[in-house]
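There are two complexes below, and they share subunit A, which is joined by subunit B in the first and by subunit C in the second.
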Partner chain A sequence: MENEIIFTILALVAIVSSIVMISAHRPIDSALSFIVTLVSIAALFALVNATFLFVVQIIIYAGAILSLILFIIMFLNIKDANLPDEKHKNKWLMGTSLIVAPFSYILIDLIMRSDIAVNGIAAENFGTIKDVGLTLFSKWILPFELVSILLLVALVGSVTLSKKED
Partner chain B sequence: MNTVLILLPLVLTILFSLATVPILVWMERRIAALIQDRLGPNRCHINGIRLGGIIQSVADMMKLVFKEEFLPSHIKNKFYYLVAPSLAFMSAFLTFMVIPYADNITINEKTYYMQALPTDLGVLWFLAFAGLGVYGIILGGWASHNKYAMLGSMRATAQVIGYEVAMGLSLVSMLITYGTISLNEMVTYQSQSFFIIPAWGIVIQPIATIIFIITAFAETNRAPFDAAEGESEIVAGYHTEYGAMKFGLYFVAEYIAMAASGALIVTIFLGGYQLPYLNTNDLINNFELVLWLIIAFAAVTSIIFFKWMKKHNIFEMPGLDEKKVYATLIIGFTAFAIVVMSYYALGFSEGSSVGVMILQFAIFTVKLFFLHFVFIWVRWTLPRFRYDQTQKLGWNILLPLSLVNIFITAIVVVGVNYGS
Partner chain C sequence: MLKAYMVLSIILFSIGVVGLVSRRNIIVMYMSVELLLNAVNLSLIAISADLADSSAQVISLVIIAIAASEAALFMSLFVVLFRNRASLDANLFDMLGSKK
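And now, the complex of A and B:
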């Protein structure tokens, strides 16, 4: 019962802040409400006992990536005059949500019918650091290494691009 | 007993973080004075009682609390402006939650954790919330709408992003060594000893220790890495536009962050609540002997303190005679403590596990205050790094060094485990 109340509150916070994120006028508002979304999703992970995912979500997304994004937003020093004029934003939002509504109804219906919804709270050792590590390095070792190479390529690429300028 | 033991670590967290701030401010000023060969604040008193100058920091806190809450008129984003200091404060406070103050204690077959948050996440929790602390600075600087504040917060962000990498990597080498992320298990590991050397983190991983201490200084914006508030270049950095208790929150948050990193350094590298060569079971089994040693220690130190006070406390203040008050208090307290301890030491009553717990609190506190002393010592000894030097140190020296350290650690750990 308590879990359901906490889940509802966190889910509402996540949804509202993600709506604010896509509809906010200024980039800094978007970035900050994105942090709220990420932290509440991290809390949802903690609620289903995935402690490692919870802490990694906060370290990587909320702690590192978003502070980098905020840093860049501050660095660009965007003025109100630079922002696009969004006159019919509310109409667009209403219209698109009306169009999307039937599809999301189908999606919700699908999820409720599948066995994901029935499972509820996961097993005791689901998502702990040991479990995640063992699964990653035994079952998914090839995709894991491929992803790390992909990240390395992006890293080297960004360094080369920034070196070219001077 | 149940509730007391569960609430105890929470109360200790508040004591170690919030309640030590006036003492830290006092330490900062008096040690600065000691290093610069002057006296420091020591005249502020309540009816003659000065507590060596602690009353001065209490007076400063009162001033901050009762100052007018002033909101500069050019601030457009009032919400961000007001929420920023509390973000900094909150994340600094949350980092403290996972520090173990004593070993897990078992009473009536029930185990109690001496951490405010009994989780196994340990180090990762610290990294997560230490990283969130920078939002307070970014938002404060941005919402202040001021060039200096903006510059200060951008410096702070760049610095924290750069040093967090090296900090995380130096922690990874410690994780490989200890084989766990739970802070309490790390402390238990450190109670062993190789030959005659205690297996403290600082002994088995000196490079990681140095990297972690440097990055902890940078992460908490303490000197010599306090370019974010370099008052000679950018007025006061991110808190230029803040006054009264809004500034007070930033001020307190900095000290709490310093205390939290100090506590983590103690836990990971300096053996936590353990004494060298003595693990918790040894202490519990030889509790009577330990108590006699403490009694002797208490008697000797109070006599030494008494003589030192008589020699140095020479100011004449109006009101009560300070020396007499302290002398009565010290003699009374020492006598009371000795009577209580001899009651247990003579074996009239069984209280060894609780006694050892209190002893471990004391050891942890002593180590933590030693770390505070080091933090302040460094601040008043080293000049501030220039901003580009800070970045160069972080990316060009600490990052490769910590990577090499991980590599060597992994080879050694695998080699040792391969043989056995």
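And now, the complex of A and C:
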């Protein structure tokens, strides 16, 4: 019962702050409200005992990626003249949500009708670093190596892209 | 509980799609892409908790790593585009085929 109340509060916070994120005019406002979304999603991870993913979400998303975005927004020194003048922003948002709403309604209806609650019995150490790490380094060792190569390529690519050519 | 998580994930995904399609500010578009990835992560975590299997948690770890590399590339793209056009309007960024 407690879990349902906490889930409802966190879900409302996540939905409201993501709506603020897509509708704010200045990018700094949307970045700050996106941090709220990410932290509440991390708390939702913790609610289902995924403790390692909770820590990773806080450190990597809310810590590293969002502070990178905030740094870039502050470095670029964005004035109002640099922003696109989205005069019909609200009309666009309403129209697109009218188009997207039927699809999400169909998906939600499908989820509510289906019989998917399996509820396996979780082990004592489920979701800890040991459990996730053992799975990562036994079954998923090839994707792990590929991801490390991908990170290297992305870092080298971003350095070459942002280099000043003269 | 699993159904509630899936429904929340669908709602967040739809909000991300709406933001990605209807905004023209590239920073907001990038954050909408991150919201899409987060919605997928949320449903993966709920499924892994429900099946008591930690493979889905490893998949969402991989997704988080992909999001981190995507963030690095997007940030350098922002810097290059802002240097060339002094704007964040996605409609102005059409210099891929031109010689400047």
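Quick note on the criterion: the second predicted complex is superposed on the first by the 145 of 166 C-alpha atoms of A that agree within 3 Å, B and C clash if a C-alpha of one lies under 4 Å from a C-alpha of the other, contacts with A are read in each partner's own complex, and residues count from 1 in each chain.
Just so it is clear, contacts are C-beta pairs under 8 Å (C-beta built on N, C-alpha and C of every residue); 3 or more make two chains touch, one makes a residue touch a chain.
Since this is a predicted model, take the numbers as computed values, not measurements.
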### Message
For A:Ile129 in the superposed arrangement: first (subunit B), second (subunit C), both or neither?
### Response
first
### Message
Just to be sure I read the superposition right, which of the two partners does A:Val55 touch: subunit B = first, subunit C = second, or both, or neither?
### Response
first
### Touched partner set for A:Leu70, first subunit B, second subunit C, both or neither
first
### Message
After superposing on the shared chain, does subunit C or subunit B touch more subunit A residues?
### Response
C
### Message
Once chain A of both complexes is superposed, is A:Met112 in touch with subunit B (first), subunit C (second), both, or neither?
### Response
second
### Query
Do any residues of subunit A touch both subunit B and subunit C, and if so, which are they?
52, 56, 64, 68, 75
### Task
Show which residues of subunit A lie in contact with subunit B when the two form their complex.
28, 32, 35, 51-52, 55-56, 58-59, 62-64, 67-68, 70-71, 74-75, 128-129
### In the complex, subunit A residues that touch subunit C
3-4, 7, 11, 14-15, 18-19, 21-22, 24, 27, 30-31, 34, 37-38, 41, 44-45, 48-50, 52-53, 56-57, 60-61, 64-65, 68-69, 72-73, 75-76, 78, 82-84, 86, 89, 92-93, 95-97, 100-101, 103-104, 107-108, 111-112, 116-123, 126-127, 131-132, 135-136, 139-140, 143-144, 147, 150-151, 153-155, 157-159, 161-162
## Note on the structure
Touching subunit A in the complex, subunit B uses residues 80, 119-121, 124-125, 127-129, 131-132, 134-135, 138-139, 141-142, 150, 153-154, 157-158, 160-161, 164, 181
### Task
Could you pull out which subunit C residues touch subunit A in their complex?
1-8, 10-19, 21-25, 27-28, 30-32, 34-35, 38, 41-42, 45-46, 48-55, 57-58, 60-62, 64-73, 75-80, 82, 86-91
